[in-house]
């Protein structure tokens, strides 16, 4: 029994079934295909929601274990690693996640405490960290925009002119910047962008075939 | 209800693409004479070797992509995650063979679920037990993921950092952090923010190179055959493109014709 | 000489960062007043809404923008809410990011209430729908198939406005706010099969993607980022925070471009002017 | 309510300053605290959203008579086998569901978008209004073909392919340059927005 349900043919059959109906719904509009693909997609959304719950539980388990290890002063599998003495941080994650879930499920997302948390912690931090990018961007630009080779020179010219196009500040210096910048933006770069997109499309389709047929050993095979 | 001629055209294209790739992968060994070497993938072994020598962990992530919700696989960038996990299979097996440390922070619950399975399978193939903490789910919120992964990098100071996946806004934070700790970095991305890898990685792969990397590393004959098969859809597309341009020159709008939108 | 260049080459990045922090903060205290010219794709989008959409049409308003980009879109959202009430549009709101709920209640609905709109008759909010591109596709086919109740728990059948609204063809156009791939999904799943015009209102990074759609004629126009928000608010004659922000962003750009130029000069001097240092020092 | 708002503003200022100590100074204890806090909050939020989704779209339809949906509960229950190692491979089944449907969707979407953009890229340079766009559309045509040929695997890139390779690489660089430059505006706006939030919360503007 065990060896039977371990067979990779089962997972391949499931993948083929789902892939076929979702694909066929797009290609050929018959009612039976539409209905089947609709329930497949409904199931997919439900399964992905359950994945999140499983991940939540395993994150609780993992953090509890880490706290135990870091309090036990260096025996156990993680002895001597960076975990020791870090219980405070793992505790922070644990408490924050459990508290959020407790408040969200008992009082609801619309309740005041949850909205307070959402506005002042969640939204605030998401925005603040996203704005790191402004700072990191400068470091990256400082290093990237050096005309060392022909390729880097092209990168520099396109980058700086487009920068001066998207910003009104460029037009204030010289009215020619937006013209050149939009030329790069709307014409020159478009062809290679779409050529690369074509290659990626082919790559995606080939990956799909390999995964479904079981050639990508690590991600598609079920048994050994 | 039963579609129209334009859908039929798309369907014919799909069938051609599928047949070209499937035939080549089926015939595998017999068609395979030569595959263009990809420098970035040759360097993966160097990255693993560095982790073994220095005794520091090897960092592998499939990045975040973008979007929110519970699943990467229902979104447009799902296949890129899968391509990244396919590389992880190879890397984890080599790491297990040579007893180095592995850190895999992942961004999505379903990707993390899949990643755990991939790593466990790789270690089992070497007859070892996977370390319980190797695969970490960080968070599906993009910036929390970026923050957590950058922090993890700062604390573990990995020997080499491998980033294979759909790159979006988090790429810049990760690439800049990676650049700071003097590690050996390889970046591969399907999306346009691959440009940040250029400034901070030792090897960069763009576009389709990400999707073929799993099979390229696995050295499986059928998978390599399918890589060769991937050339033919592109040739077909270029021929169709030339036809479309010829139409445009003769004054017909190609999107209004039989192979239209 | 060469030691100065070396120092510049290996400049601690934090000095650079602090310089930018100061430059970006300054305009909040001392306004600079840089001009804001209109971009052609924004004018096209405005032109489409002003001239081709009749008063009182039904519009889908999608708020699939993550909150981290809200600084760029905040002004645009308020302006859009205000504009919709001026034209008497009937609005169906939805979002494919959970954050959209927050944006709806903070930026859109207050404008509607101010204008005396009635829930269920003039506007409806469907709430968060998971599944991004899959969800967009199914929304085009049938709203009732996808969800049975709106965000506040009312049955869709009970809302008077929704009586003859169910699928893509019932809408005049879609205003798609987005920080990810959703406006693109609308182009694929709404414009291409059903011909419903889409106006992507994306954060700045989406611009180059939507520009190529604009060039190809898939969308009437697009409004992107804080600059688009500023222009949109300027056009409607509304006061907007986007204008001050453009000043501070402009100064940030200026300092960065200055550093890029200096970096290149340093590199060129090292490459062509400083050959002798190589023979003295030698490489280790 | 006012006390909550004051407390919120204080939290906001403190969190922003703590998190900014990383790029402006170095990795430190405050930064690490914010990191773990934020991860915890986001995990919790995602779980709440997932549970609500299940309640609305799976549990209440089942109670309303759609018994067919019990199947998805049984299938996704297999995901919990990962906590018991001997049966962990059963989690592959629901995952195959996700991967299979994703691939089915992507196969059609990839071909369709490749076709669409191919047609949208088919410009006639002679029909363009001015010299700049005529020249531009020539670049577009060359770019499309050379970039597609750059990503071929079966042939050695020498002879004519060496040249297309080189041109393709240069044109790809224009694309990367453009995407690098066009993002600057967005990044600075976010940064400026955070400064504004901070100054507003501190009551300085």
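Note that the chains are named A, B, C and D in the order they appear, and that numbering of residues resets to 1 at the start of each chain.
Keep this in mind: a residue touches a chain if its C-beta (ideal position, glycine included) is under 8 Å from a C-beta of that chain, and two chains touch if they have at least 3 such contacts.
Bear in mind that the values here come from a model prediction, so they are computed numbers and not experimental data.
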item	value
Two chains sharing the most C-beta contacts	A-D
Per-chain Cα centre nearest the global Cα centre, belonging to chain	D
Inter-chain centre distance, chain A versus chain C - centres from mean C-alpha coordinates, in Å	20
Chain B and chain D: spacing of chain centres that average the CA atoms, whole Å	14
Chain A-chain D separation of Cα centroids, rounded to whole Å	5
Chain C, residues touching no fewer than two other chains	17, 20-21, 24, 66, 68-71, 98-99, 130-131, 133-134, 192, 204-205, 207-208, 212, 215, 225, 227, 249, 252-253, 256
Touching two or more other chains - residue numbers and ranges from chain B	10, 14, 17-18, 69-71, 73-74, 76, 79, 82, 109-110, 113-114, 140-141, 143-144, 147, 155, 169, 172, 192, 195-196, 198, 206-208, 212, 227, 230, 234, 237, 261
Touching two or more other chains - residue numbers and ranges from chain D	19, 22-24, 32, 34-35, 38-39, 41-43, 45-46, 49-50, 53, 79, 82, 89, 92, 98-99, 102-103, 105-109, 111-114, 116-118, 120-121, 141, 144-145, 148, 151, 172, 175-180, 182-185, 187-188, 190-194, 197
Pairwise touch network: line, ring, star, complete, or other	complete
Complex interface listing, chain D residues touching chain A	4, 8-9, 11-12, 15-16, 19-20, 22-24, 32-54, 57-58, 68-69, 71-73, 75-77, 79-80, 82-83, 89-90, 92-94, 96-111, 113-114, 117-118, 120-121, 132-133, 135-137, 139-148, 150-151, 168-185, 187-188, 190-194, 197
Chain D partner contacts - residues on chain A that touch it in the complex	5-6, 10-12, 14-23, 26-27, 39-59, 61, 88-90, 92-101, 104-105, 109, 112, 116-122, 124-125, 127-137, 141, 144, 150-151, 154-163, 165-167, 179, 181, 183-205, 207-208, 211-212, 219-220, 222-223
Sites on chain C touched by chain A in the complex	13, 16-17, 20-21, 24, 34-37, 66-71, 99, 101-102, 130-131, 134, 138, 145, 204, 207-208, 211-212, 215, 225, 227, 246, 249-250, 252-254, 256-257, 259-260, 263-264, 267-268
Chain D-facing residues of chain B, complex	9-10, 13-14, 17-18, 34-36, 69-71, 73-74, 76, 78-79, 82, 109-110, 113-114, 116-117, 120, 138-141, 143-144, 147-148, 150-151, 154-155, 172, 192-196, 198, 206-209, 212, 227-228, 230-231, 234, 237-238, 240-241, 244-245, 247-249, 254-255, 259-261
Complex interface listing, chain D residues touching chain C	23-25, 45, 49, 53, 105, 109, 112-113, 116-117, 120, 178-179, 182-186, 188-197, 199, 204-205
